[in-house]
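The letters A, B, C and D name the chains in turn, as written, and every chain counts its residues from 1.
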Amino acid sequence: MGYLAELVVRGVLLGAVYALLALPMSLTFVTVGSIDFALGAYAVLAAAVGSTVGGLAGIAAGLGAALAAAVAMAAIFAGLKRAGVEEPITISLASFGLAVAIGSLILSIWGTRAFMLHSFDDVWVMLGIRISPQSLINFAIGMLLLALVYLLLYRTGLGRMMRAAAINPLGAELSGIPVTTLQTGTFISGGLLGGIAGLLILFSAGLDFTAGLSLTLSCFGAAILLGAHGPIRAFLGGILMGVVEALSSGLASGAVSAIVPLVVIMIVLALGAVGGVRFAGDRP
Amino acid sequence: MSQGLVARDVVMRFGGVLALDGAAIEVVPGRIVGLIGRNGSGKSTMFNCITGFVRPTEGRIDLDGAPITGLPPHRVVRAGIARTFQTPRVDLRATVREAVLCGCYPLGRCGFVSAFLGLTSAVREEIRLREQADGVLRQVNLAPLGDQQIGKLAMGQVRLVEVARGIAAGARYLLLDEPAAGLTQSERNMLADAIRVVAKSGVGVLLVEHNFAFVRALCETITVLEAGRVLAVGTADEIAADHRVIESYLGSEPAALVEPA
Amino acid sequence: MLKVTAMAVAAGLFASSASNAQSQAPIKVGAVLSLSGPAAVFGLPERDAIEAVVEEINRTGGVNGRKIELVLHDDKTDPSEAVRGVTQVTRDGVVAIVGPSTGSGILAAGPVAERLRVPLLAPAGTASITDKKNSFYPWVFRVAPSDQTDIHKILADIAKDGKRRIGVFYQEDAYGKVGLDYGQQIAKELGLQIVASVSAAYTATDLTAQATQLREAKPDAVFMQISISALGASFHKAARQVGLDVPLYGNAGLAQKSFLDAMGDSGNGVRVLSIGNLPYEPIDPETKLVTLLKARGKTPQGWGELVGSNGLMAIMAAIKAVKGDLSGPAMRDALETICDFPTYSRGKGCFSKEVHDGWGEDVLVITEVDRGRLKTRP
Amino acid sequence: MTYWRARSNTLVLLACATLAGAVAARDPAWLDIAIAIVINALVALSVGLTFGQAGILSAAQGSFAAIGAYTTAILTVRLGWSPWLALPVAIALPAGLGHGLARLVTRLAPLAVALATLTLSAIIEIVLRSWDNLTGGYVGLAGIPSVFAGQPIAFYGLAVGMLALAVLAYENLMLSRFGRGLTTIRGDRARAIADGIAVPGLLSAAFALAAAMAGAGGWLYAHYFSYLSPGSLGTELSISVLLMMVVGGARHILGPVAGAVILGVLAQLLPAQEVQGLFYGGALIVILLVARNGLLGLVRREGTL
């Protein structure tokens, strides 16, 4: 019993990192209707730069690098939009191209080295569970950013505009909301949040040049799992993924531990489909 | 049993909301029936129950004596009940002929496999469907526009295309969802003529409309809904004279009464 | 000083008349390596060493008076790209190929090498690449110790330390799975007991759950069959965090500078099996390779450089053993005759008709992490 | 005559592929690339059908190819079947699975479909690498009998022939009521239902046809490379075929094929090693910026090619 509880706690702490990346994923999805495949690459870039520069300056430099990459994505998005591209998949694939390019840049500058820094040497024992202070910091930052994003979306004028742009871009545009600017801003904020996630991973589990795409895919799962409707679902999706992963890798090994989280994703999706889909017919 | 599309005692609950509370309507081949009511009176819900897009909580809908209650919507279409949408749902880049061809879908007999194998039967069937579509276009006077892109047509013509698409597969009943909305007077007249032609060919038409004048000019009988229940049924003139109807529905929009169709 | 020695040795190895070198076209040698994708960890050092050694050979007059021209192809850690690479460099006229870097790349490229009649010098430990049942067996020569050899060596070290209950942490790929399968087999022979095994995907973000599971099994030591340094370092951190306070033993996959850098000072005491100890305590022929690499601005990473250069040096030895015209089949026949030829690594390389596994336990060393460096244990 | 005029894509494909084959035949390396491109094109064609026409974003097409490939590999290596005998099974099995999968996923929201198919392909990959006795596990299956061994030009002809048949089937379908139905479903499901289309049924049929194409691609892969491992075909292929489709033009029948050619050639021409991703990613972004409807969109009006 104690062992299970320990795994759940570890899963929640892991899930907080997924949740951090799932947040920008759902923001982009809600305001642009598309997925930014480069999110994981921002995280790796931040970690790479952060570990090279080191210290507080490293944190700033890492965030700066991630932001710069996200600005590039925002520029690509603006360019695509100007060219008349509306298909979300085209935007997603352009971001995939950027992710590949960033991954390759990291490989040519830093090679195959692992990015990992150590923040705390001591371990806290809470309720009999040994926890690194770093994972608590990760969780706290995750909660904080969730709260900020929530307040931004639901308590500010900017958030109202973002949501309006998401529900009906054309209508929002017509009523004077700068939709393209908002969407571009969302891509850039993805760089900030992705960068923060990357730095937190740098100080906890570490990562290397291959991590970009798989981080993106995990967080894509987290963001979609409970329905891509907003930050809270995305965050909970991340936590759920973390818990399922921790339970399966703590209780099983090999193929079984790899397959269980995937099966859970399928089941959650199937359950969502049963209740959720009804054609609204024809009239609003 | 009897000919006609008959809905009886239809009850529809959405969560706690009672959208329909024992509503009923009857459409006969060759006749045009109107269904009117205020916003929220349940006429759209009734429309969607008949076409299978929502499944009524209770009640019974029969098509020429056979029950169609709760059938999936595409089966309802195949059984002979066509519908249009209030906001036309069309691919603006498609041509008029292509759109009407889409409506011919249920006429196809060749299977999926023979289609992708490109068997002669499938090729022949395609020719037959095109002939059918051209026939429907002539029937509603759209033949000259066959190769036009829908995006370039006026709203009234788009509604006509929708009607043609609906009856292309030989529907015996046609359900029109606010077809006159947003049309100019001359477009309305053109549409009304087309609907009369369709009805004359033996199709039973159910018109869900907001514009009473349009309904009055077209329909032999009219059903008025109020809070999910039938408030009144009668000829156009009877309805126009019914004080309950005037109070409940027309009262709010007196202009609708006087405006000629 | 070192440089001079290296030059002298190389000149001695490849003595030939300079006039001849001018008159003859260069000999083409292929390298199909994973220069991107997960196996780039090995492919890049392999390439660096091969390029450095080729440059050195050419600078000192070539082989048999002919220069060496390297034809490189990136297999992207993808078996089908490895096949394409072998086809392509063979088209360019190479007489032998170092690579592909991964076991699956070699298994995919084997039939093609057989068809195109060009030998592969395989820098991977996967057992089945030199299985005599393969139709392409005559064409594949292993230039690294096999996985069984590695695992036997490190488990024997664990047994020697008096540990009996072993936990296994392995990565979810061919390398990791082999570690688990052979580990179970060899442990039984050595009288060890595997009490638990846990695994992680390459890109697992957190390994505390795995470490917790191992902790619950109360092992005396944990054996890590890992080649991704980030994964190894992350597991090391997780183990300390959850209180899995037993000695950690890493297989050769973790003998990478990157693994030590990522662990920092906290990694002291972790044991790692390695092919030589190139980055930290190179011994005699290895020091020359270090010099060559540093001259090209490369920092030695681990054993990738050693197996890469072993592959190239086997080709050089075979070139010299060929009598008559150089060709793929002639090289293949010559490779089966060479033994104890000059290389840049410790241990002896030796091939024959019956033995295509050229290297044995003598290239392997047990090392211990000490302040971010690997110290060779006696 | 009119029959073939309406099916110009197949003819264009055959003409281009013959020309390309004649050029590539001079150089074994380019012939090898050409064969790989045709195999990729077959899988890319399957996403063209599912996404470009039906609007369903499937990230499992690479896995369908893997299933086709493993089916034929197991039948030929373990049971000693002839590759030709295994071909119908390698096509039918993915088709059946695709049909079932479509029933499950087409009820989901579009992105959830992408997640579900991605997850499914991860599950398939784990099964392939764990079922040692059948699939050879991580190490994979070696010694799959070659078809036309030693005659790559003949194999190229076979691959082009299969691709042409797939394009023809695709084209036939688009010229029928089912093709119009798929286009309607992509734009507006309620409209499709009002046309009398059984949406799940039609989508499942289209999905099955697409999975069959991918399975055929897998069969070609297995008998060309003679070796198969869990990393050979799968998620990475699924993503690259999506790229091919968008680069070439999703709505155009030959779009995915054109994309396969362009990305396949590009990967060969770009500088290799660590920096290749920089160029590849950059080129991809530039292509998407320049040709918003794919490269074929620059040349042809939608629906004509």
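FYI, a contact is a pair of C-beta atoms (placed from the backbone, for glycine too) under 8 Å apart; a residue touches a chain by one contact, two chains touch by 3 or more.
Because the structure is predicted, anything quoted here is derived from the model rather than measured.
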{"item": "Of all other chains, the one whose Cα centre sits farthest from chain B", "value": "C"}
{"item": "Most centrally placed chain, judged by C-alpha centres", "value": "D"}
{"item": "CA centroid of chain B to CA centroid of chain D, Å", "value": "42"}
{"item": "Centre-to-centre distance between chain C and chain A (centres being mean Cα positions), rounded to whole Å", "value": "36"}
{"item": "Intercentroid distance (Cα basis), chain D paired with chain A, Å", "value": "30"}
{"item": "Residues of chain C whose C-beta touches two or more other chains", "value": "36, 40, 44, 177"}
{"item": "Junction residues of chain D - those touching two or more other chains", "value": "129, 190, 193, 274, 276-277"}
{"item": "Residue numbers of chain B (touch at least two other chains)", "value": "53, 73, 85, 89"}
{"item": "Chain D contact footprint on chain B (complex, rising order)", "value": "51, 53, 72-75, 77-78, 82-85, 89-91, 93, 98, 101-106, 108, 110, 112, 115-118, 122-123, 125-126, 129, 165-166, 169"}
{"item": "Interface residues, chain C side, partner chain D - complex", "value": "35-36, 40, 44, 47, 72-74, 77-80, 83-84, 87-88, 91, 103-104, 107-108, 110-111, 115, 126, 128, 134-135, 173-174, 177-178"}
{"item": "Chain B-facing residues of chain D, complex", "value": "3, 7, 168-170, 172-173, 175-181, 183-184, 187-188, 190-191, 193-199, 202, 205, 209, 302"}
{"item": "Contact set on chain D toward chain A in their complex", "value": "51, 57, 104, 107-109, 111-112, 114-116, 118-120, 122-123, 126-127, 129-130, 189-190, 193, 239, 242-243, 246, 250, 274-278, 280-285, 288-290, 292"}
{"item": "Complex interface listing, chain A residues touching chain D", "value": "29, 35, 76, 79-80, 83-85, 87, 89-90, 93-94, 96-105, 107-108, 111, 217, 220-221, 224-225, 227-228, 254-255, 258-259, 262-263, 265-266, 269-270, 272-273, 276-277, 279-282"}
